[in-house]
Amino acid sequence: MKMKTIVLNEERNVTLTAYLLEVGGEFTYITKRPAIMIIPGGGYEMCSDREADPVAMPYLKAGYQVFILRYSVKEHKTWPNPLNDYEEAMTLIRKNADEWHIYEDKIAVIGFSAGGHLAGAAATMSKNRPNAAILGYAVLSQDVKFCSITAPDVIPYVDKNTCPCFLFSSRSDNIVPVMNTVKMIEALTEAGISYESHIYAYGIHGFSTNDPSVQSRETVICERVKNWVDDSISWLKDIFGEFGVNGMTKPECEAHVNGDYGEYLSINCTINCLLDSPQAVAMLESTMPETIMNSFQSEDEQSSYYGMMTLVDILGFANTPRNVIDQYNAQLNKIPNKHYIDKKMK
Amino acid sequence: MKMKTIVLNEERNVTLTAYLLEVGGEFTYITKRPAIMIIPGGGYEMCSDREADPVAMPYLKAGYQVFILRYSVKEHKTWPNPLNDYEEAMTLIRKNADEWHIYEDKIAVIGFSAGGHLAGAAATMSKNRPNAAILGYAVLSQDVKFCSITAPDVIPYVDKNTCPCFLFSSRSDNIVPVMNTVKMIEALTEAGISYESHIYAYGIHGFSTNDPSVQSRETVICERVKNWVDDSISWLKDIFGEFGVNGMTKPECEAHVNGDYGEYLSINCTINCLLDSPQAVAMLESTMPETIMNSFQSEDEQSSYYGMMTLVDILGFANTPRNVIDQYNAQLNKIPNKHYIDKKMK
Amino acid sequence: MKMKTIVLNEERNVTLTAYLLEVGGEFTYITKRPAIMIIPGGGYEMCSDREADPVAMPYLKAGYQVFILRYSVKEHKTWPNPLNDYEEAMTLIRKNADEWHIYEDKIAVIGFSAGGHLAGAAATMSKNRPNAAILGYAVLSQDVKFCSITAPDVIPYVDKNTCPCFLFSSRSDNIVPVMNTVKMIEALTEAGISYESHIYAYGIHGFSTNDPSVQSRETVICERVKNWVDDSISWLKDIFGEFGVNGMTKPECEAHVNGDYGEYLSINCTINCLLDSPQAVAMLESTMPETIMNSFQSEDEQSSYYGMMTLVDILGFANTPRNVIDQYNAQLNKIPNKHYIDKKMK
Amino acid sequence: MKMKTIVLNEERNVTLTAYLLEVGGEFTYITKRPAIMIIPGGGYEMCSDREADPVAMPYLKAGYQVFILRYSVKEHKTWPNPLNDYEEAMTLIRKNADEWHIYEDKIAVIGFSAGGHLAGAAATMSKNRPNAAILGYAVLSQDVKFCSITAPDVIPYVDKNTCPCFLFSSRSDNIVPVMNTVKMIEALTEAGISYESHIYAYGIHGFSTNDPSVQSRETVICERVKNWVDDSISWLKDIFGEFGVNGMTKPECEAHVNGDYGEYLSINCTINCLLDSPQAVAMLESTMPETIMNSFQSEDEQSSYYGMMTLVDILGFANTPRNVIDQYNAQLNKIPNKHYIDKKMK
């Protein structure tokens, strides 16, 4: 492993510390690695060491290149300084992706508390977006004003361009109320973004990895809290794929929960999305029973429920044979999707 | 183990199957056991076997007495038939608590999908409340109308009398949208109720325990899904306590996240709760710095943030010595709490 | 689930309790299940309830049909009474395999302490062998004489017909010394039998599942002890295969660690085994470099090391191309193996 | 974290790489840390990168100072070069214990394959002993001759001064036969040393942490193999204690399984050990029933079984009241033990 610290902004004391693992050699089938940028918390008054190195280790064990961003705090915390620090760091990482043996489309951020605010801002409003975000007991609502009056709340910025998120927090957090997490997942749900969320029954704010070398054993904290570490690695595997002899495997989990933002339409699009395309409507009308099409297009409550379901779900309920489903898909795959989000452009 | 099936309502085909473990004998220190009532799903059209016996086993392993409720479905599903079935079952269990060696204040329900709706109704609107509820990919919103037009949505009934809840579901559930879980935890947060919540990244509706003998391995489903089983047992231990040589140990997690509903006031009450008691206000005014009391009582945003924090949190931020904190608590413990909820009455 | 208790021998108070899960119905792809027979411990003076029902539950959760054998103890313990009880029970289970929906070649035994002695006897000297054996802090050596003077020690009976074993015990066991487990795995190693073994650092004898409802939390016992339960289920999956939509999947782990007992020779046979077949020797001599063949057949220490290695290992060290390895295998597959063990005959 | 590489022997290319975590600061209650020295494998021909950095990470996460020893291989492998490298490294670490914030009596080694041979040699024959040893698919028998003809086999050196060991390997290892592990735990059992051992059912040699970034997912390897990592950390906690606000907690597991090597006699001594002290014999004779003393001192098989049991075990079987047991202990605690091993001297 190589370790280096890069000064991003001397005046504001902003640094990026890199832990870079080897590729090739005995790691025969590894030519590149995914990466993660750690953004420690500290109420925009400090960057906590408890949420820096101890967090780096499990991702290094999992084979990730790891970066720790120490961003603008205290007198330098005025927005958008911290977000600019993030942008600069992410731009640097992607620019050096080849040299540092990194997949530039498999870079996650993980932030805690106020650092979770910055990670959330990166996920929703940055120019140089991460590909996944892990938000630990993060400040995501107006509550951020209590530590930085100039910082914006993140939740209103959630939209279809937000990256997949993994959120964890404690129900009994007395510093950053759990409602920050709850409202964030509500926004992600509405925007159709993939996410995973774990809210543990009790435990104080700022538990980090909950290893006894980081969080005192004498603290009352629920024993499941520590599970977020391995669970987040397992989730990243679902989002980025896993190391395999022919490069990373295909991810199990898409960034969006349905096909509404793919390049072409598909059976994984919602009925609402399909109804928005005259070509798709024409195709469906020529093959679907008229009663079904009517119920899709009516304005009652049941049809609004259908609207959010995908075509493949509905075909499944109707026990449609696999080959017929495949025919639907083949036809839809010819129709360009006007809602397409090109992830590579981000 | 003894096994028996009791017919609760012959006409509506309602039964309660009991799996009763022994006490005493070689289980020297066990005189009673906590219990759990399983409420399988099935869209109020059936009671699924996949969410009955396979769910019973892990709780039996953990030492719980287990009951499976097969409630009114199909032509008998009209509300409140299913809720009445639950009431009858719970009344019967509590009535036989001594004979069946059950702690009558340590009885949980676990429900799945439509059964999760019934478990949620039990937790929020029944006369004979459970002491904890586990809600698996549960229908909790107006979405229930799609399987039973007469059934009420559960979420509006959440209040300070709701029992602690453990919720789990899949982000990509295409039958019962994850928003059911999200809105439920939002309501629980607002009501001050303890809960734990796990939303897994992807997986189809109705995965039950996700054992390969219940849910086909060929299904695409995220590997963390199965964790809810052990996590729910660990959570029940936090809520009910654990088997010990002198009976069940003291629970680690209270039913409410703060002391606002205790018999007497305490440092675990929120500022809002304390301000609601003239005696407490007088006590605080005689000991607290005036500026602090003013900030508690002003109407700006910051004070509303303080209002939801507990006194012990605020004293902690101010690095108040332990003995002073204890003095505050001793004084508050003499003041009866008008919001007191007597759990034994339920 | 159905539950029934069958009296095997009224005079000696021998019973077999069956917990039988359903097949078909909503368990659409399940037509049969593997099974496990639990043999509780108790020093041949009793059959402990602590090692009966609590052990049944995790295997039921995993989808197994479960039987509990209460065998001859106290005045009836004279050997071979207990072994005869086992034989009768296993014969009955295999006879009823169809009616009880059991794969007759996927039936395990699990025994604890003295019950582990009986399970070990079943695995090594019974007529109606189990297909796998789990031996928990089992008495396997001459130590058995201290609880039953007529019972034989198991270890000398280990041979190539012994079924695969999973063993666990505590290093600090003060009743059944850990050497029982150590000597057993030595014998299994020598006999070429597959096994898995977990010896935990400390913990008293007789911890069963180590659930707090079975083993008092107040006992000093290492926290890893409880892992044997899930690990044994994972191991059974490797030995028996897993539930799949087309029946049980192919096992990952063979009963023997090499191919020495297959119907035909293969590259998975040890050099010693191949050298024992004139046809194989002729084949090898015609293709292998002479120096290699000589080193196989010499009598020095290095060749004895080679003798225990398989041909595929040695070809692998020599970086033999895959297609050449496959040719070796194809040729060997034509030669009948005189050491063949027909598992179906057992 | 600081990282430095120290050249121990330039000619033989021996280095010690240190990963040193901070103490104090936000890690308020941490003034020192336990440490672990990693000894990679490679058949004494190389030091494998696959068993270096990837192994460091989990122990760093757990709060350990970590060192990687790259020792004499290839033309420099002649014994005792590698052992001398170890001695020099351990001496350096203990000498710098204060500066590097290390508990000098809480330093473990972990070695793999041939590195496991060196770790085993450190545990049994070095001058500057480790306090615990983790031996991964280690070469411990005469098999070592196949990679280094001058290297001694470790097993004959196991004695009462050997440190506690944690061993893991695969039953189907085709490079280092599992018998290496089996014979080692047999020797540890005979010597009364604490250990833990996990032999997994199948998997190739050299799996390291079995993370997919280290060991290809395409390899057939049993899924339990990866458990050794967390289990070894849990075991080290039992042997060294855990981080607590007042320093490391008291270990749960002693280095010896009984009290035979303590400074004074105790009820945890075996009967054999007590019978070896005339003072203890006199004490026992004055309080024990004569029949019991006789059975201890006779020469039949049963008494040899008693001889290996501890006094507290036997008093426990006889349901001796706690206060009487305490009296025995108090009396024995006054008698110096001639077999005493002063761990601090090592």
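For reference, chains read A, B, C and D in written order, and residue numbers begin at 1 within each chain.
By definition in this document, contacts are C-beta pairs under 8 Å (C-beta built on N, C-alpha and C of every residue); 3 or more make two chains touch, one makes a residue touch a chain.
Only a predicted model underlies this, so the values are computations on that prediction, with no experimental measurement involved.
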| item | value |
| --- | --- |
| Given chain A and chain D, the chains that contact each of them | none |
| Centroid distance [mean C-alpha coordinates] between chain C and chain A, Å | 45 |
| CA centroid of chain C to CA centroid of chain D, Å | 29 |
| Overall pattern in which the protein chains touch one another (line/ring/star/complete/other) | ring |
| Complex contacts: residues of chain A adjacent to chain D | 1, 3, 21-22, 25-27, 29-30, 33, 48-50, 53-54, 57-58, 60-63, 209, 211-214, 216-218, 242-245, 249 |
| Chain C-facing residues of chain D, complex | 142-143, 145-146, 164, 166, 171-172, 174-175, 177-179, 182-183, 185-186, 189, 194-202, 220, 222-224, 227, 231, 234-235, 238-239, 252-253, 257, 301-302, 305, 308-310, 313 |
